[in-house]
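By letter and in written order, the chains are A, B, C and D; residue numbering begins at 1 in each of them.
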Amino acid sequence: MIDTLVIPLLKIVIVLNATLVSVTYMVLLERKVIAWAQSRLGPMRVGPYGILQPVADAVKLMIKEDITPVRADRWVFTIAPIISMVPALIVYAVIPFGPEVKLFGRQVTLYITDINVGLLYIVSVASVGVYGIILAGYASNSKYPLLASLRASAQLISYEVAVTLTLVSVIMMAGSLSMVSIVRAQQSSHMWYAFVQPLAFLIFFIGGLAETNRAPFDLPEAEQELTGGFHTEYSGMRFALFFLAEYANMIVVSSVATTLFLGGWLRPFPNVAFLSFLDFIPSWTWFLVKSFVFLYIFIWVRATLPRYRYDQLMRLGWKVLIPLAIANLVVTGIIKVMLL
Amino acid sequence: MPITTTHYILLSAALFTIGVVGVMVRRNIIIIFMSIELILNAVNINLIAFSQQLQNGIGQVFAIFVIAVAAAEAAVGLGIILAFYRNKETVNIDEMNVMRS
Amino acid sequence: MAQAIAFYFIAACILGFAVLVVSTKDTVHSVLFLVMDFLFVAALYVLLGAEFLAAIQVLVYAGGIVVLYLFVVMLVNLKRPPEAHSDPHRRTMLGFLLAAAVLVEVGAIAVYGHSQPAMVPVPGAAMPVTGNTAQIGWLLYTSYLIPFEIASMLLLVAMIGAIVLAKREL
Amino acid sequence: MDTPVIHHGAMFDTNELVLNMGPQHPSTHGVLRVVLRLDGEKVVDADVVIGYLHRGIEKLSENRNWTQIILLTDRMDYVAAATNNVGYCETVEKLMSLEVPRRARYVRTILCELQRIASHCLWVGTHAMDIGAMTVFLYAFRERELILDLFEEMCGARLTYNSMRIGGLPLDIPPGWDKKVLEFCTIMATKIDEYEELLTHNRIWLERTKGIGVIDGPAAVALGLSGPPLRGSGVPRDVRKDEPYAAYDEMEFDVPIGTAGDTYDRYLVRLEEFRQSLRVIRQATEGIPEGPIVGKVPRLIKPPAGETYHAIESPKGELGYFIVSDGKSTNPYRFRVRPPSFCNLQGLRTLIKGHLVADVVALIGSLDVVLGEVDR
C-alpha cells in the first residue's frame, strides 16, 4: 500500500508544489537578473531584497477582477489557460531528479515514474500545450490575440520538428526512450551527450527558446507589436495561468535539456574516481544546479538580444535548424552503425 | 467481471456508429471529417484490442499505418475544404453540388 | 476490478465526447471535444498495454491532426451556420436508420464472436527484442518495411497535395 | 467584414484584415494611430491618423505675448524642449534684428547639443525596445538622466525647461557647470560604444533593420523628410552647417550621411550624431567666452510689422518657425511651426507599404516622431 499509493502521491504533491513555487520564484529571478543586467535593482520593496515579491504578485493576481470580454467565447476563453497550464505541469511526471536513494530506511526513486516511452510522452504532452494558445487567441474574439495565436501555433509546430529530430539523435545514442535510461547511458558512455551531440544540444536549446516563446523568439507575446499577444484580453487569475505556464515550460525545457545533454543528476565526470569526493553532494543538487544554469541563460538571452521578425523566425526554423537537425541525425546514424 | 476483448469490440462498434451518424446526418463538412476520424479511431481500438488478445504487435503496426493514413487524409481533405471555402464561402455539403446535372 | 472501473470510465468518456463531437453546433467546441475524445482513446491504449501507440495517438492526433482542424475552422470563420441550407433530397432519418443497422450488424458480430471459443494467442515471429516500443520498431523495420515505406510515400504525396491546394499562387 | 478582396490571379481569393494600431498601443510612441490593411501579416496599405494630442499651440500662441510663447514651445517636442526654445527665440530675434551676445550663443549651442543627445538617447532606447532589445532602453535612459541633471542645475526643470529668453538667456550658467558638462562628455563617449556593442553588429539587429524601409535621396526630399531620415538617405542637408545659427559657425563638426537609406543607416547616422554632438559640446564648453548673457532687449517686446521664417536643426530634423507680426499688438499675428516630426511622418505610409507588422513599429521608431510635435 505504502509503495503503490502513498509514496507516489507524496512525490506528486512535492513535485507539483516545488514546481509552482519555483515558477513563481523564477519570475522574481528573471526580474532580478534582468534588472542587474540593466544596472537596476529590480523589486526591492516586498520583503528583504524583494524576496516576497512573488507572494505579493500572486495575491494581486488572485484578487484582481477577472474580465471576460462580452463577445468572447466564454467556455473556450475560460479553459484555454487551463489547457496551457496542465501539460506544462504533468510533464514533470517523467523527469528524473535523481536516482534511487535510501530515505527513512526505504528505497525511494527521485522521480515520479519511469515509463519506457518517457521522451515520447514529454513530446506528445508538450504538443497539446499549443491548444491553450490557439484557443486563447480564437476565444478572445479580437484581432491582436488572433494574429498572435496564429504566429504562436505556426512557431510551435515548426520548431517542434527540429527539437524532436534532435531528440531522435539522443535516443539513437542512448538506445532508449526512458529518461532514466538515457541518464544511465550517459554514465556508461563516460560522456555527457552535450559533448557527443554538440549540434543537437545547440538546436535543442534554440528550439527550446522558441517553444517556450522566449526572447528572441517571443513574437506571440511581442508587446511592442501585438500589445499583449494572445493574452491581450486576459486579466487576473486566468492571465496568471498563462504566465505560470510559460515559466513552467521554461523549467521543463531546462530539465529535459539537463537530463538529455548534461547528464541529469550525475556529477561532473561521473566515472573519474578521484573526483568521487564530490559524491557527498546529493544527486538532485546537481540536477537543480544544471537546470538553473539553463534558466539563467534563458534570462540572459532575453536581456541581450533583439527580437526576430516572423518570417525570419520561420526561415531560421525551416531552412537552418531542421536541415541541420536532419544532417545531425544522419551523421549520428552512420557513426552509430559504423563505429559502435 | 474481467474486461475481455469483446468489451473493446463493443466500445469500438458504438464509436464507429457515432461516427457513421455524424457522417450521415451532419451537413458541415468539417464535422463530417471529424466523424471520419472517430471511425478511424474505432478501427484502431479494435486493432489494438486484438493485438493484445493475440499477444503480438502486428495489430499495433496496423494502427500506426491507420494513423499515417489519417494524417494524410486530414491534410489533403482540409486543403480541399479550404479551397472550396475560398471559392464558395460555405462548408455545407448540400451546396457542394456543382457536378449535379 | 480497478481495470474494469478504468475501462468503463474511459469508455463512457469516449462515447460521451464522441456524441458531443457530432452533435455540437459550434465547430470549435466540436474540435475541442474531438481532442478530449482522442486523449481518452490514448488512455484506453495505455490500458491495453500499448504505450507507444498511446504516445503516438496524442502526438499525431491530438497534437497534429486536430490542430490542423482547428486552423481550418478558424480560417473558415463562418458568417452563417452551415446547417442553414438544407438539400430537399436529404433524408436525415435514413441516415439514422443506416447507422442503426451498422450498429446492429457490428454488435451481432461481436456477440457472435464472444460465443465462439476464445482465440488463442498467435505469437508472431520470434522477436529479439522486448518491450512494446522496441517490438513495434522491430516489426516495422523487418516484416512491414515495404508498407512502412509506402506509408511514408503517401505522407509525402499528401504533403505536396496539401501545399498545392492551399497555396495561393504557384 | 467588408474589406476589399485581394485578387491573386490564382484560384483563391482572400480578404484583407484591418488592424487598428493605436492610438493606445505600446509602440506607436504616444498617440499615433496607424490603420493597417493587412494581407496575412503584410501591410497592403496604411492610414496614418494624427491629432490625438492636438492642443492648439499655434492658435494659442496668437493670444499670448511674445515671452509667454516660449513656455508653449516647450510642450511641442517635449523630449527636446530647449531646442524648441532656441528656435522660437532666434526667430523673434531675427524679426526684431536683435544682436545676441556671444556667450549666450555658446550656451545655446551647448544646450541644443545636450538636448540632441538626450533626444537620441530616448530614440535609441525606444527604437531598440521596439525591436525587442530591452536592455539598451535602460542604458540609454541612464545617460539621459545625467543630461536631465545638467538641465536641472541649469534651469531648474527636468523636462520643460523654458530655458531661453528673447535676446539671450534667463540665467547665466551656474558655477562649475561647464566642468560637469565636460565630465559628462567623457562618460557619454564610452556609453555610446556600449550601445553599439549591443546593437550595431548584432545579427538579429542587422536582419531587422537592413533593407527595411528603404527610401532614396530624391524620394526623401520629395516627401519633405529632414534630419536623420533625410541624411540616412545620403542627402547632406543639415541646417547647422547650411544656415548656421547660434554658435555653430564657430564649431567644427561633420555631418554624417548614410548610403542605403534604410533603417540601419538611419540608426548609424544618429549614432554618429551622438559623437559629433559631443565634439561640439566640448568645443563650445572649452571656448565659452565671457560677457553678458542678454542682448539689448526692449522692455516691451513688440517686433516691427513683418514676417519671417527661421529654421534650426532639432534632433528630429528641420524645425522651422514662421511668424507674422502686425507691429501693433504684443502677440504674434500668425504663428506657425514646421515641425520635423510632422513632416517626417509623411514618409511613414510610403515606408511601411509591403513590409510586415513587425517592421511597422521598427519604422515608426526609425523616423523618431514625437506626437506632441506632430499634433502641436
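Here is the rule we use: a residue touches a chain if its C-beta (ideal position, glycine included) is under 8 Å from a C-beta of that chain, and two chains touch if they have at least 3 such contacts.
The structure displayed is predicted, hence computed values, not measured ones.
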{"item": "Taking each chain's C-alpha mean as its centre, the one farthest from chain C", "value": "D"}
{"item": "Chain nearest the overall Cα centroid", "value": "A"}
{"item": "Averaged-CA centre spacing for the pair chain C and chain A, given as whole angstrom", "value": "29"}
{"item": "Whole-Å gap separating chain A and chain B, where each centre is the average of the chain's CA atoms", "value": "34"}
{"item": "Geometric centre distance via CA averages, chain D-chain B, whole Å", "value": "63"}
{"item": "Length of the line joining the C-alpha centres of chain B and chain C, rounded to whole Å", "value": "6"}
{"item": "Shared interface positions of chain D, touching two or more other chains", "value": "12, 14"}
{"item": "Contacts with two or more other chains, residues of chain B listed in rising order", "value": "82-83"}
{"item": "Footprint of chain A on chain D - complex, ascending", "value": "17, 19-20, 25-27, 41, 128-135, 138-139, 142, 198-199, 202, 204-205, 207-208, 356-361"}
{"item": "Footprint of chain D on chain A - complex, ascending", "value": "34, 37-40, 143-144, 147, 151, 215-216, 218-219, 222-227, 302-312"}
{"item": "Complex interface listing, chain C residues touching chain A", "value": "26, 28-29, 32, 35, 39, 51-52, 54-56, 58-59, 62-64, 67, 70-71, 74, 131-133"}
{"item": "List of chain B residues in touch with chain C within their complex", "value": "1-11, 13-22, 24-31, 33-35, 37-38, 41, 44-45, 48-49, 51-58, 60-61, 63-65, 67-76, 78-83, 85, 89-92, 94-95, 97"}
{"item": "Interfacial residue positions of chain A with respect to chain C in the complex", "value": "73, 75-76, 79, 115-117, 120-121, 123-125, 127-128, 130-131, 134-135, 138, 146, 150, 153, 157, 177"}
